[in-house]
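Working notes for the structure below.
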Amino acid sequence: MRLWSFNGGLPSLAEHKNESVNLPIEIAPVPKCLVYPLGQHIGNAAKPLVQVGDNVLRGQKIASAQGMVSAPIHAGSSGTVISIADHLIPHPSGFSAPSITIETDGVDNEIDYTPCTDFRQLSASQLVDIVREAGIVGLGGAAFPTAIKLDTQGKPVTIDTVILNGAECEPYISCDDRLLKERANRVIEGVEILLHMLSAKRAILAVEDNIPETFTSIQNAITNNQNPAINAVQIPTIYPTGGEKQLIQTLTGKEVPSGKIPAEIGIVSINVGTVYAIQQAVIEGKPLTSRIITVTGEGVNKPHNLEARIGTPISALINVCRGYTKQADRLIMGGPMMGFALPSDNIPIVKATNCILVASKHEVVTEKQAMPCIRCGLCASACPASLLPQQLYWFSRSDQLDKAVKLNLFDCIECGCCDVVCPSHIPLVQHFRYAKSALKVQNHEKHQSNVARERFEAREERIAREKAERAERSRKKKAALKSKPAKEEIDAAVNRSKTKKNSITNED
Amino acid sequence: MSEYLLILVSTILVNNFVLVKFLGLCPFMGVSNKLETAMGMGFATTFVLTLASICSYLANQYLLAPLGLEYLRTITFIVVIAVVVQMTEAIVHKTSPLLHQVLGIYLPLITTNCAVLGVALLSVQEDHNFIESGLYGFGAALGFSLVLVLFSTIRERITVSDVPEPFRGNAIALVTAGLMSVAFMGFSGLIKF
Amino acid sequence: MSFFVLIIMFAVLGILLGYAAIRFKVEGDPLVDQIDAVLPQTQCGQCNFPGCRPYAQAIANGEADINQCPPGGEAGIAALADLLGVEPKPLNEDNGVEKETLVAVIDENTCIGCKLCIQACPVDAILGAPKHMHTVIEAECTGCELCIPPCPVECITMEPVAKTLALWEWDKPDTSQQKVSS
Amino acid sequence: MDNYKQILKNGLWENNQAFVALLGLCPLLAVSNTVINGLGLGLATTLTLILSNSIVSLIRRQVGNEIRLPVFVLIIASIVTAIELVMNAFFYELYLILGIFIPLIVTNCSIIGRAEAFASKNPLVASSIDGLAMGLGFTAALIILGAVREVLGSGTLFANAHLMFGDAAKDMVIYVIRDYEGFLLAILPPGAFIGLGLLIALKNVIDKRLAKPASQAVSFAMDTEKA
Amino acid sequence: MANNKTMMMRSGLVLGLFSLIGIGLVSLTQSVTHEKIAENERLYVLKNLRELVPETLHDNDLLADALHVIDAEAFGNTHEVTIYKAMKNKQLVAIIASPTAADGYNGSIKLLVAIRNNGELLGVRVVSHHETPGLGDAIDTNKSNWIYSFNGRSLNNPSPRLWQVKKDGGEFDQFTGATITPRAVVKTVLKTLQYYQANKKALTTTTQQTNG
Amino acid sequence: MLWVLIALVPGIITMIWQFGYGVLANIIICVSTALMAEASMLRLRGKAIAPALSDLSAVVTAILLALALPTLAPWWIPFIGAFIAIVIAKHLYGGLGYNPFNPAMIAFAILMVSFPKSMTVWVLPHSMLPTGISLSDIFTIVLDQQPKQTLIDAITAATPLDEMKTQLGLNQTVEEIRSSSIFGSLSGQGWQWVSIAYLLGGMVLMFKKIISWHIPVGLLTGLFIISFAFYLLEPSVTPSPLFHLLSGGAMLGAFFIATDPVTAATTPKGRFIYGVLIGLLTYIIRTWGGYPEGIAFAVILINMAVPLIDYYTPPRAYGHK
């Protein structure tokens, strides 16, 4: 298959996958408590369906989707709801947010699932409903509710290609690799479901060319399956080839137009973990309650992949990996490139968590004293989005954010390539994140001030009108004192309402 | 033909009105904070300067010289310029709000741009004919616009720099103008006098 | 006496200008709108004008300086300076100091429903009927504090706006390269 | 009285036309290659400022908006032309050196600037004092810049004094540095820009020192103590 | 409408009025000063000439006894050359020519060359030039004494072969790093001397004449 | 920056070999002045001194300036030059990374307009020096002790470019001019080897990816094309393209000066345009302007246009038309 290339990227990033990739996936034990932040996906937070004290079973829906873009949440094990309150969430802000906490009973009772023997009997919309009800969101990082992506009904798009993202380009992370090694058959079955749902012509499963054994196991699964529409390809190992846009460019040569979604060019891209979850939901009827996650880094004694229940506190996962080593320095959720540091290990993993990296001092890019930007342009040549990071940096730094927006700040995918190559050690991505969030706040403030202006002006008008009316009334009253036949009074009232109407139209 | 080219090269590069002849400096310093405004000012100046140069030539040739009133040159020129500017402003304001957005606010500033009067006076001093006067004004204005636009982009760059406190603002801008002037000395000798 | 020709010419030019002034007369001033768009619309009156728009009008007329709006703060002054093409200057302390945005909260147990605060609020952010307890619509309160003085039972307090996740900001990295004081 | 003092202070320092308002730059930079040139143009400008401010202040109520600008420039141009003729008659050589910058006083932005900003809103006396103050501030800037450039560029001070004060002043010239090769940059155009830039920075430093109360000095002393 | 018309007329009137006052004032000043100014201009030119030909040497009005020549062949360029004649008792004692050396480093150098009637140079001065400050500008009396080295020279002193800068094998100094300027000046002075030699006859006859 | 210094070594050695130890004197004075100026400015501005000095940018600036100065300049020339480069052209703008103009070239241009006399006199290449010139003779010149005029005249001359221009001005043909002994087979005697050494060093930089190819290639292409075009028109009175490429500062400029990342354009397309414009302007100034060598002025002139070039040449961002 012909492959294309994208601008920049980092071909020679240290991989660090061996630490975790060689051991089989271990099923993590049920922890004492499971914590479910209500907003763990893109879109509106879910609405709790349970109350403190309720008993729940594994697979039971404990919070329902709220609005179009949202996803339900299911309990990961049986137990009792002990609180619905703020809890530390995995977010760079270190904020707490409303969460449901379940104390598990150790029995791990499940609800009755309704498996499906032949998914081809189901219509696309029925399948979308299953996916939605199973609480499946993108497991590749963004946690976007998958059902929306797959629901092409009534939308002016036709999907031509489904891209299965198994690139896993970030260093250290190996959960998708392990998944494909061990459960390729089920993933391929998931792909078939997708093809059926989307009536797409073809599916491409892409993995990096540095994991040949995994590729073989996928090919075996495809051969078993005998579906000519499914293809597996090896793509060059260049970070961030797993980024949706870069992957699409690599495989199809097309670019997703800025600000648009892949569906516009007939493509849906889905992480292989997500596909696995879809297969589980459709075939076995199981909602999303667990996922495969890499726990790695020099900071843990036994780095490997776990299948862990969503909601498990990180501390429990660390215990499964035989605890921290002496080198443990920083706790990072996600990979070293795009992850963020966590303030504590009393934080649950969420659906989007693909990796817990317990890094030693030298594993994370040590924060060297940033020197001035010397405009060398290395960042621009590394940027997969073909932006000019140095210029974005100058303008973010000096708070000329509108100029940064003009230079396509919002096309930055925060991949961190520019950070890595910058000889002056400037934390560029942090500047861009700052700029983006500051812009969001500014827009909010702008909106608020517009609302305030409208309300202020409306009030001014109202006051003016009332004053005029009062004046009118007192004049009328005086006039009425002289002679007040009833008819006249009615006339006056009619007039009054007329002038009122007039004044309103005049204002427009 | 080549003498016309010489006039252009001379006024734009070698004897740049701003950096070499020291004319039109106040707007050069004043409206060079942003590229957009600099461009607006550049357009406005080019238009007015050319027009003023021509009008002054006509006034001088057909009014002052025949009447022997050369000593009233300054007065006549400046009033003619002020009127040209104000008329342009009024007309643009009414007829093309869009153009007025671009040029309008700069037009009144131009009357007090000494480059305009300077062009008129120097042009008369150098005995230019009609076409030469127009070209002289046009070239001077192009030279003005060129350095104004370049200067504004450099100033935009300076605003994102770590300039030491006492130099922020006008001081560093003047130093920059000085260095630009050094650079423009590289053009000296292109035109022999 | 040949200069009379000139004088006549000037007089004609004057007439021409007078004609132009009438013929090409334009109404309205978009500048005020532009300035008003930059102001924070808190409507607090700290600028010594009865609201943001009057202040904008005053700036456009050259009657007020650009550094009189405390809610807008340094950023607001910078934006005004940028718009008007002048140098920014520090906030005039006579008008107040810049502080974080607050919202008014009415202690609903103490509120006697006197309606005085409703009359004071420039953006109609307070709800309530006479004799019933009042409450502030948080999303619409600008934090202008104008409702505080009229309240007879002092039941209104100003509180910081809770930071939501959606409006959380990343820290801006430090870039000063200043000597680290040991 | 205080009011007038404020106007003076404003003109000489706080709103100095050259250093702060950056107006009248063309003559400032063009003729400040020697002190004497600067002085000559400075005085001519001051005179123009005083006269134009006074006249504009007198007629400010009589002139409508649509012809305000032409009338103001007409007044200024008349004054300048008169001054030019007088200089031409009595200081001929200085007149030759200052060249086109005498008629260009007309468009010296600070003159029309003061007419618009001050004289058209203030009474006669205040306006003329404002003219005086602004003019003196401008002259001072011309002299300082002229001195800096003259010393650096040619190693002298008050060269050509005779152009202004007559032949008796020929000996006024001071050779600050003898046998000086001359740092040509200073008397060339770039030197004018850079010189003014440095002077403005200097003024900023002074302003900052003045603004900081005595506590600054104390804390400074403490700093050194620590070290 | 009528209101508009009066407004227009008013504008014209006000501007006219002020121009009357302004122009009147200036015209007044002009009438007072114009004679003095004309005198200044005259004296200024004379001053330069008299530096070369002192008043003791002549008794005529130099500015009146002047003629203008354009002679590309003799001077090598088409710039106009004014020749002032200094006379005593109606006898030509010296001429002052104003040739232009067009091949200076940065363009033309305007000179005044004073030649006694015996062909000896009374002196040479530079009236205007664009030579590089610090290099070529040493031809200016303000910068160096080089230009005085022409005093007393004539066509045979040194011999015509030596009427060059030293670098080209002649007698006149060049400046370190700058040969073009002095070369141009020397050449033009020589040409002026030759022109005088050739046209001596014509110049000594008192009738005014114009060449070319 | 270290690699820049390393890449300069062949050029410096060749220069010392051809023009003697005067080069070294320039380098020493420039570097020490620059380091002192840099340290004092950092101190005045309250910035950490050690990390800023160790980035070696001041050293690079100083050495490039030193290499551009005449080999026997009196000591105060490199001193004033380095001071101007570091204080005015660099730190007034905020130090490393912020200066819009190439500091070394600003210093060179200012020296050129201020002291044209001292700046246009170059010592002859080693092979052409009369015998009997000692090291101490050279140092009397460097120390500005008014050496004997005859000494100066014996060992100095205008540079080949200067000579070419002067003689062309006297209506000589290129062939006649190049018969003079200061010209070698390729360009100037001595100069040609120095240029080739810079070319080698520049290749190292390009190979090490310290500089991108756009600027040097653009510059040399620009210079080549315009000189070739005029050479075709009038070969007898126009020096050959090769002469232009190997004369004066063309090679040093193309690989070490125009490539200064801080003052060059930052977009790939912009860099090429930037290089071409410098090449063209260099030729224009060399051929018709007042200065014999145009690289320095061309660089700072195009430096002015850099923000504009960058503004109009952004790369097409992903997903944009």
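To keep things simple, chains are lettered A, B, C, D, E and F as they appear, and every chain counts its residues starting from 1.
Quick note on the criterion: contacts are C-beta pairs under 8 Å (C-beta built on N, C-alpha and C of every residue); 3 or more make two chains touch, one makes a residue touch a chain.
Being a predicted model, the structure only gives us computed values, none of them experimental.
Engineer: Applying the touch definition from the top, give me the chains sitting in contact with each of subunit C and subunit F.
Structural biologist: A, B, D, E
Engineer: If you tally contacting C-beta pairs, which comes out ahead, D-E or B-E? Let me know.
Structural biologist: D-E is joined by more C-beta pairs in contact.
Engineer: What's the chain with its C-alpha centre farthest out from subunit D?
Structural biologist: Greatest centre separation from subunit D goes to chain A.
Engineer: Measuring from the mean C-alpha position of subunit A to the mean C-alpha position of subunit C, what distance in angstrom results?
Structural biologist: Distance between chain centres, rounded to whole Å: 38 Å.
Engineer: Centroid from C-alpha atoms only, then distance subunit C to subunit E, rounded to Å. What do you get?
Structural biologist: Using C-alpha averages as centres, the distance is 67 Å.
Engineer: Starting from the mean Cα coordinates of subunit B and subunit F, work out the distance between those two points in Å.
Structural biologist: It comes to 34 Å between the two C-alpha centres.
Engineer: Taking the mean of the C-alpha atoms as each chain's centre, how many Å separate subunit E from subunit F?
Structural biologist: 41
Engineer: Of all residues in subunit D, which are in touch with two or more distinct other chains?
Structural biologist: Each of 64, 66-67, 70, 74, 77-78, 81, 85, 181-182, 184-185, 188, 190, 194 in subunit D touches at least two other chains.
Engineer: Quick check: what residues of subunit E touch more than one other chain, meaning two or more?
Structural biologist: 7, 10-11, 14-15, 19, 22-23, 26-27, 30, 34, 105-106, 133-134
Engineer: Indicate the residues of subunit A shared as contacts by at least two other chains.
Structural biologist: In subunit A, residues 369, 371-372, 397 touch at least two other chains, as defined above.
Engineer: Across the complex, what residues on subunit C touch subunit D?
Structural biologist: 10, 13-14, 17-18, 20-21
Engineer: Within their complex, state which residues of subunit A touch subunit C.
Structural biologist: My answer: residues 39, 91-93, 95, 97, 369-372, 397, 399, 427, 430-431, 433-434, 436-438, 440-441, 444-445, 448-453, 455-460.
Engineer: Going by the contact rule set out above, which residues of subunit B touch subunit A in the complex?
Structural biologist: Within the complex, subunit B contacts subunit A at residues 159-160, 162.
Engineer: Going by the contact rule at the top, pick out the subunit F residues touching subunit D in the complex.
Structural biologist: 88, 110, 113-117
Engineer: In the complex of these two chains, what residues of subunit C are touching subunit E?
Structural biologist: 3, 6-8, 10-19, 21-22
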